[in-house]
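Below you'll find the structure, written out as structure tokens, and then a few comments.
First chain written, first letter: the chains are A, B and C, and each begins at residue 1.
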């Protein structure tokens, strides 16, 4: 195992980390927004929207993320929808896929809020959107936060899948180092260590939140 | 458009055999994961630190690194240590080891959720620790964690799509190869997506039926909200968490 | 009151969705390319030439330690940009991505060891050849001398989206094929003993065998020679004729030959234009 070549290629690892962090950070934001919207739609009283929401969840939780990425990237190409870069295709696929899981997490939280809260808000004259954002959502925090951050953790790991469509992130740069050094062990160990460094603190945070949320 | 679909569907035999491979290797990986999960949960809950520490290490390392990386390590890096696995073998090992870490945590939570009174009652009845575990604790723990465990099988089936990167001829890889030849992306990946949906829904359905039959009293997962289609009431709720 | 408002909102959403879907459908399909709207003018006016190259396919394309693209194909692209008087911008692509990159307009041309086949020509257009290759066999020296005919029942690694898989099947249907996303992954599989051999472009494999002394490559091509050209979008004759004109100069001035020798270390094995 040749560690000096790892150090001499550290620029590649750094650029890979940047790619991973960029994709992950953006997807966290967009995925959460999509998840909130879909959860709001599913808990609303409009049956058509609720069914559409259920359909979206079935499709995006029942098919692999890789298939969704390939579908969006190559499908956009062959249907003539121009200018979807690899980054955009990976971002859209991650948003839709993780958004589906986050929607279920949000829904569990929303449904745990007593109905009385909705009714009281209506009595006070608050519109549905205002009720949702100022009254209901803050009360879902303890139930929603641990699995939500757990889902963010999964998201960070799932960015590695974008290597298959050619997005330049940590995994891809690890492969580039292997091309140059032809020893797979040290680069893979380095990539694993880098992912571990990013993910482990988050996973500890999830554990701490779960302990706080479940007093017993 | 329809002609595109009929053209793409000419390869239906290839798709079906790839789906069969996907399903078979998912089951094999699931069996490995169950074994690792049970052993890991026992190790983590044991009183000996020499068992607890490696199990904790295993869980933390696996759960904080991407599964694709684990697949690459199993296939490309292990030969440097003298272990040559075929693509399918490497896939089963990687998926099994990966989900085994998640199942370790799931089983551990399930075992802990069994009330202490059960263990104490078993001791009063003079059941040894092994028999207590097998006949008293484990069945109740399985009840607790059943939906989560079934969900992990679904995750294995979906995770097998990544095995295309280590040249396993499973469903996603097959669709990619066919797509690079006939260039009908929507149709090729659409067929693959439908097959995945069929597989995951069949698994959920079978699991729900087993839950109704095998557990006494029958295990019912969360009741579904009312739907427009009355036939859906016949299908039990599925796939939690 | 609330129900009516949410129904109105729903109707508005559906209306917006329908209009945008119609707009998307009707904008499908390219307009006729006049000289003015040709890629050539767009590149010259914009000052940048977008090229897709395979950067995991040394020495055609690779990434140096600072992340910059380099390689034979990259140098060809740079020469093309210099002739146009613009900057070159190289985008990484895999074999399977080459056609989508062109069809979506992400790149102006693909310089990535792109074999001219009539099947691909149904989607895109090719320039005249600029590099010629056979398809040879790479294996470990410890395996002894071997050819495709001797590999029945053994595994051969190929790259998804390239011409190799079909070629191997034609020569020896008894071979077990492993499809990898990148050629680099296929080479790694052979090095690690996970595949018995690999079939790929002869230039690429000769270079890999030079880099790693444990590997050997056969001399004879598995298939008839493959002519690689520059891929461009179909229906743009102005752009294509400029590239062909530039290629004529590039080949006859000896610049192509010297670039090849710089990256591969040997003179080109086959003449660029076919004789039959």
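To be clear about the criterion, contacts are C-beta pairs under 8 Å (C-beta built on N, C-alpha and C of every residue); 3 or more make two chains touch, one makes a residue touch a chain.
Every value quoted in this text rests on a predicted model; they were computed, and no experiment measured them.
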Fill in the blank from the handout: Leading the contact tally is the pair A-B
Handout entry: Closest chain to global C-alpha mean, per-chain Cα centroids
Key = A
Exercise for the section: Between chain A and chain C, tell me the centre distance in angstrom, where each centre is the average of that chain's C-alpha atoms. Expected result: 32
Completion exercise
Cα centroid separation, chain B vs chain C, in Å, comes to 37
Practice task
Take the average of all CA coordinates in chain A, do the same for chain B, and state the distance between these two points in whole angstrom.
Solution key: 20
Fill in the blank from the handout: Residues of chain A that touch at least two other chains are 74, 77-79, 164, 178, 184
Exercise for the section: Can you tell me which residues of chain B touch two or more of the remaining chains? Expected result: 76, 80, 164-165, 176, 179, 183
Fill in the blank from the handout: Residues of chain C that touch at least two other chains are 96, 99, 181, 185, 188, 192
Completion exercise
Touching chain B in the complex, chain A uses residues 47, 51, 58-59, 61-68, 70-71, 74-75, 77-79, 147, 153, 157-158, 160-161, 163-164, 171, 178, 183-185, 188, 191-192, 195-196, 199-200, 203
Completion exercise
In the complex, the residues of chain C that touch chain B are 95-96, 99, 123, 157, 160-161, 165, 178-181, 185, 188-189, 192-195
Problem - Complex interface listing, chain C residues touching chain A - result: 2-3, 6-7, 10, 24, 28-30, 56, 58, 62-63, 65-67, 92-94, 96-97, 99-101, 103-106, 181-182, 184-185, 188, 191-192, 211-212
Fill in the blank from the handout: Touching chain C in the complex, chain A uses residues 8-9, 11-12, 15, 44-46, 48-49, 73-74, 76-85, 128, 164-166, 168, 175-176, 178-180, 182, 184
Handout entry: Sites on chain B touched by chain C in the complex
Key = 75-76, 79-80, 84, 86-87, 164-165, 167, 169, 173, 176-177, 179-180, 183
